[in-house]
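Both complexes shown next keep subunit A, but they swap its partner, so subunit B is in the first and subunit C is in the second.
And then the complex of A and B:
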């Protein structure tokens, strides 16, 4: 390759017709235009704010919030605005987290069901998908709020339904909140958490060891049993060694039937929002799962059948692992959408970050800066989700050897 | 090849940034020039809004379209209400035509940005005058057209009669309103624990309240009166509004800071309705109203070309009263219908013991 003919001089066209020059110039011009546009917008903003005498800074973050947050009584109205932002982020995270779990589980079931040989199951799954996929999420959220709670079957707080066992309430249901028993820390937990962390590492090592034993010798691995046993052991040892720092917190309604205490309570706004978004997104994920399963080559199923695997084994060990690989990237999009859609929570009075920001703006906090923070929060959420799932995706991607 | 492209791009970037920072140094001159060249819609340099409005022949007025008595849209898309009529007052006074108004429905959160950006000329949208808004939002609040205060409504069968009864209650409130701050301030200062449930608008709040999702509804007393009447009319449970009014809510027109000429023009047209009421001038007798009182002659523009140098037409008050009416007429057209009679409220004329008092038209 190195011994070539002497280079021939190519007659180059004039520079205004030279594709190589034009390409570079085109890109430079595009960049310049975009930057000038941004600069123009920014100057407009600054000039307008100057004229109106409005400050363009973030000092308001340290001023007092001055309003209370629904179902978050520990929030002190005199705390600074940035703490309100943190509460909003936490609530958005909770709705997004539970929504994603719900959407994934239901989506998987629906996607597999749509391909079921059972006529009824397949039709039901189709109806589900067509209904939820074709209604805007906001409408579903409001529907849940109205149907489950406003006009729903649940009683008001003072007449709550209580399901109790041995004097302790296992479940309390009313128009306002659904409560289950919670776990409450009574002492310092640092040591306990450290012991538990060691336990998690140990569990992982045991899991790897059992897997290797299985790979090497073909003996049954029982890795789930082993791991759970190890983790439980660490939990018990830690729990006893640190002086039983946890206790059950049972939900109760106070004697005057006015107040709700203890346990872990989901408020109606959270339930409406999470259920609606979970079911809505599940219809999309279901379609992704269905498409991914169909994309796995038919020969794989036939091979599994030839090995006399049961239908469950065929899905669990042959089809789904390959389908997941295809399903993951579009599913990431659905997760991102779900988290962004939590901003609709204001419709059911759920105090997520958008609702709180709007309240804060209405109470005299600067609009522009507040929206900037809001955008940064959602951007952060989306980037973190993308990052995590992209790492997962890389692990799952077929490694070509 | 690739590397050289990158270099060229970087060089271009550096050039642009350099240009930007250069311009940044002499920012004052560029931005002023920019602001001047933006036309009628945007802010306009000092003194420009009035001329711009007269040129355009229409006033863009931000209103609420979901508040019975103050601003609603009917089935045919017509706006009506107390606040809406004051938009018409301003149009009649400045442009001589009460219909030369373009109504601009605004949510609570969007109202100040709309004002700041110059999208609307003024806003009459049950907006409470507060120090924070006056200062941070770049807004100028004008003559208070409606003195309101925050109240609390509960279903009558709860037997609650005072705020102390509401300990640990869920209380419904609209987001982005001063009501929310008052609620927290008042109840916290009295040590009454409560849980606020915040809604975006009344279409969601009302069913939540009626179905017992929250045990109380707090808002401006005028709004509660309107909703009490509406709920009871439609066969809902009987409602009770607590006697205590626990905040001051002065509501009136708002314009953007930095254009005092425009602010004055709006201020005096609005105040003319109160002055006319005080003089006993209304839409039925304004034609040929006779009085030797010089202030009346000033108000009605007899013998002067321009109303006191305010850049308003000489007959601005006549146009307002003929086309829209005086304050009393406007009030009685909308507010008694939601259950608040004028007499004895703070909105009565000062000579009757109320708070409606305007400077003299000398």
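And then the complex of A and C:
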């Protein structure tokens, strides 16, 4: 600009063209519209619930559940609905927890394998990813649940496959359940858990101590060895001091081959859901891992080679720690998806919160409130996971100078 | 070239084997352990597919899997739809090819025409799936009123005819896009019907087109907007008049099922979710706190819950949230739920595109004196939306996969029709794996083709930037 106009004193424009007024008015109008819409929906809901004679409150939580939960014989149908909700939350948590572990392990293996020098390994990993990534998780779950279990090759209870060693069953497989040996408490457990908790804290302190020794003096830290030793020591001391409160519980099938006892049993719904979601999510995590490894600058690998690190050391100490930083945020997303996808357990009758809610609605519980509780549970899960992993993420984030 | 794909051509076969299978003792050990497992798995898969598998449940129900319980007497509607869509896809491909060529010419870059073979190779999963369907159709032909080979053949021919839109002169290039939109809508409505009340989408498309192309001869006397709006309204009312004159109701989506419903629900939901998501994204990026908070709350709430809870809401509660007497069908309620769900994810994708846009673009627009609305419409959105196309395709894939959840609420889409097949006396409790594998292959073929397409778009956008 070569010419400048002399500045004029600008009078405030009329209010219908004043941006400051317009901003406020616009927001008020938007809020009012949304509130009116919500009120309209709410009024409709109240009116139709009145017509149907359903109360719009949460009193039903204390009424009897009135149905049994499969594989949950200790659940009493006369217990209140809120206990059913707790059972559902617990089962959702279990499926999500094991699913995440499975998905992470397979995903890591697949992601690293896709970059392998070995043609066969790389090709297999690629095929795995391309197959599982592009099939709906529900199809995989139903495949496990019905093609493998319900109508599948596994035997019925009385003809279960048993793998035993020295008279004790290590594994029992049948259509309904898979069982492995479990641990049974025989009493005096509170003290034992407290000792173990102290042990965990002590282990952490020892870990930190060995790390500091390594950092300060450069002596080998052997922190895994030290920590495992400390933990084992606490376990043994606690175990003996409290009078051996734990014993192995071996899974058995009773003499008449009709009942199933002991051990730690997974039902078919749980196995289908967890395995399917694990495999499905692993294909996504594998891609994340691969992308993150590729995103680590090539010079890092070359430097590791120049230092004569082995392939394992290169991955363990140079590439993966850096890749992890990149991989963490998208992986969190996948974990969240996995937990939300556990709601598909409804297709294989696994008693997680969605399946129980649906059964409970079918038993005449108020629809709206039941689904609101269902949504709140998932929102809670999502919040907790993002919270935990955000803390982890913050620890891993590169602090730039 | 990545480490994972050493080329065979660069040496002898033994050299390749040594390099890529037995590079060191570790790699060799893995190969020796894995190879028998792979061979065994391959053998078992071969047995399942070609020897032991009882594929009757699929071959005898092929029509069921494709179109479900769609009234057989109205079959011609689906045939017409497939042909209209083939023409539309061909035309879209031709038009986009032509504009890519023009852009390359403008930029002075060489433009390589993709051969038909390359296109087929890109879409190999879909081509393979169609081939599988045709093969199955030859095995069992019971109750199939039209020849599938004839159908696929004519669809291909018609698509090639549509592709000739690439020869359209540049002046009327946008006509190609308009025709594509109209054809897609016609193809949709040939099934759903041209009832008197169904004029709105067509009126919208043609109205917008009229708004865009109307010349403004009286620019001095009348504001241009007025002339254009009048034209748009006139066109829309003409469309309305035509529709009420025709008034031929068709088969509504309550009666659709099978793969047809899966594809349609995914397409309808993403089309409906896009504008909602766009508004939510703009709201979340807005400088007005009230809009920002409301949009953010909606997006985060929806993203925190699984789709199935929203589908339950749609099935069990939506009816009660609306005034007494509103009677929405099962499929409509499901589409509403999926749309509201997808909108939140679309919003996040669009927000990513908005955030990736350099700030200089908005600042330059402001320096030119554009109003905020014009800045958004002319500067920000075109660039942001172009950048998010690959992610949108990705979202469409996950929507396509999520549509399988309709099975849980009792809608017989591609996965759900299995239950009809297995309710037949012959297939009760047998061939479970076969039908599931077939359905999985179907989903896989579409998702894989689209994910390849999304990767290609991503590469192209990255190159052209």
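The working rule: the second predicted complex is superposed on the first by the 361 of 401 C-alpha atoms of A that agree within 3 Å, B and C clash if a C-alpha of one lies under 4 Å from a C-alpha of the other, contacts with A are read in each partner's own complex, and residues count from 1 in each chain.
By our rule, contacts are C-beta pairs under 8 Å (C-beta built on N, C-alpha and C of every residue); 3 or more make two chains touch, one makes a residue touch a chain.
Keep in mind the model is a prediction, meaning the values are calculated, not measured.
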Identify the partner contact of A:118: answer first if only subunit B is touched, second if only subunit C is, both if each is, neither if none is. second
A:358 contacts which: subunit B (first), subunit C (second), both, neither? both
Touch check for A:147: first (subunit B), second (subunit C), both, or neither? second
Scan A:194 for contacts with subunit B and subunit C and give back first, second, both or neither. neither
Applying the document's definition of touch, where does A:344 land relative to subunit B and subunit C: first, second, both, or neither? second
Using the touch definition from the top, say if A:133 reaches subunit B (first), subunit C (second), both or neither. second
Output check: A:183 vs subunit B and subunit C. Expected answer is one of first, second, both, neither. What do you get? neither
Should A:36 be classified as contacting the first partner (subunit B), the second (subunit C), both, or neither? first
Taking the superposition on A as described, I'd like to know which of subunit B and subunit C A:51 touches: first, second, both or neither. both
So which bits of subunit A does subunit B touch that subunit C touches too? 23, 27-28, 31, 44, 47-48, 51-52, 142, 146, 150-151, 346-347, 358, 361, 367-368
Can you list the residues on subunit A that touch subunit C in the complex? 23, 26-28, 30-31, 34, 41, 44-45, 47-49, 51-52, 114-124, 126, 130-131, 133-140, 142-143, 146-147, 150-152, 311, 340-341, 343-344, 346-347, 354, 357-358, 361, 367-368, 371, 374-375, 378-379, 382-383
Note which residues of subunit B are touching subunit A in the complex, please. 1, 5, 8-9, 12-13, 16-17, 20, 23, 27, 30-32, 34-35, 42-43, 108-109, 112-113, 116-117, 130, 132-133, 136-138, 167-170, 175-178, 180-181, 183-185, 188, 193-200, 204, 207-208, 211-213, 256-258
In the complex with subunit B, residue positions of subunit A that touch it: 20, 23-24, 27-28, 31-32, 35-36, 39, 43-44, 46-48, 50-55, 66-71, 73, 77, 142, 145-146, 149-151, 156, 175-176, 258-259, 268-269, 346-349, 351, 355, 358-359, 361-368
Mind pulling up the subunit C residues that touch subunit A in the complex? 2-6, 20-21, 23, 26-27, 30-31, 34-35, 38, 288-291, 294, 301, 303-309, 312-313, 316-317, 319-324, 397, 401-402, 404-405, 407-408, 415, 429-430, 432-433, 436-437, 439-440, 443-444, 447-448, 451
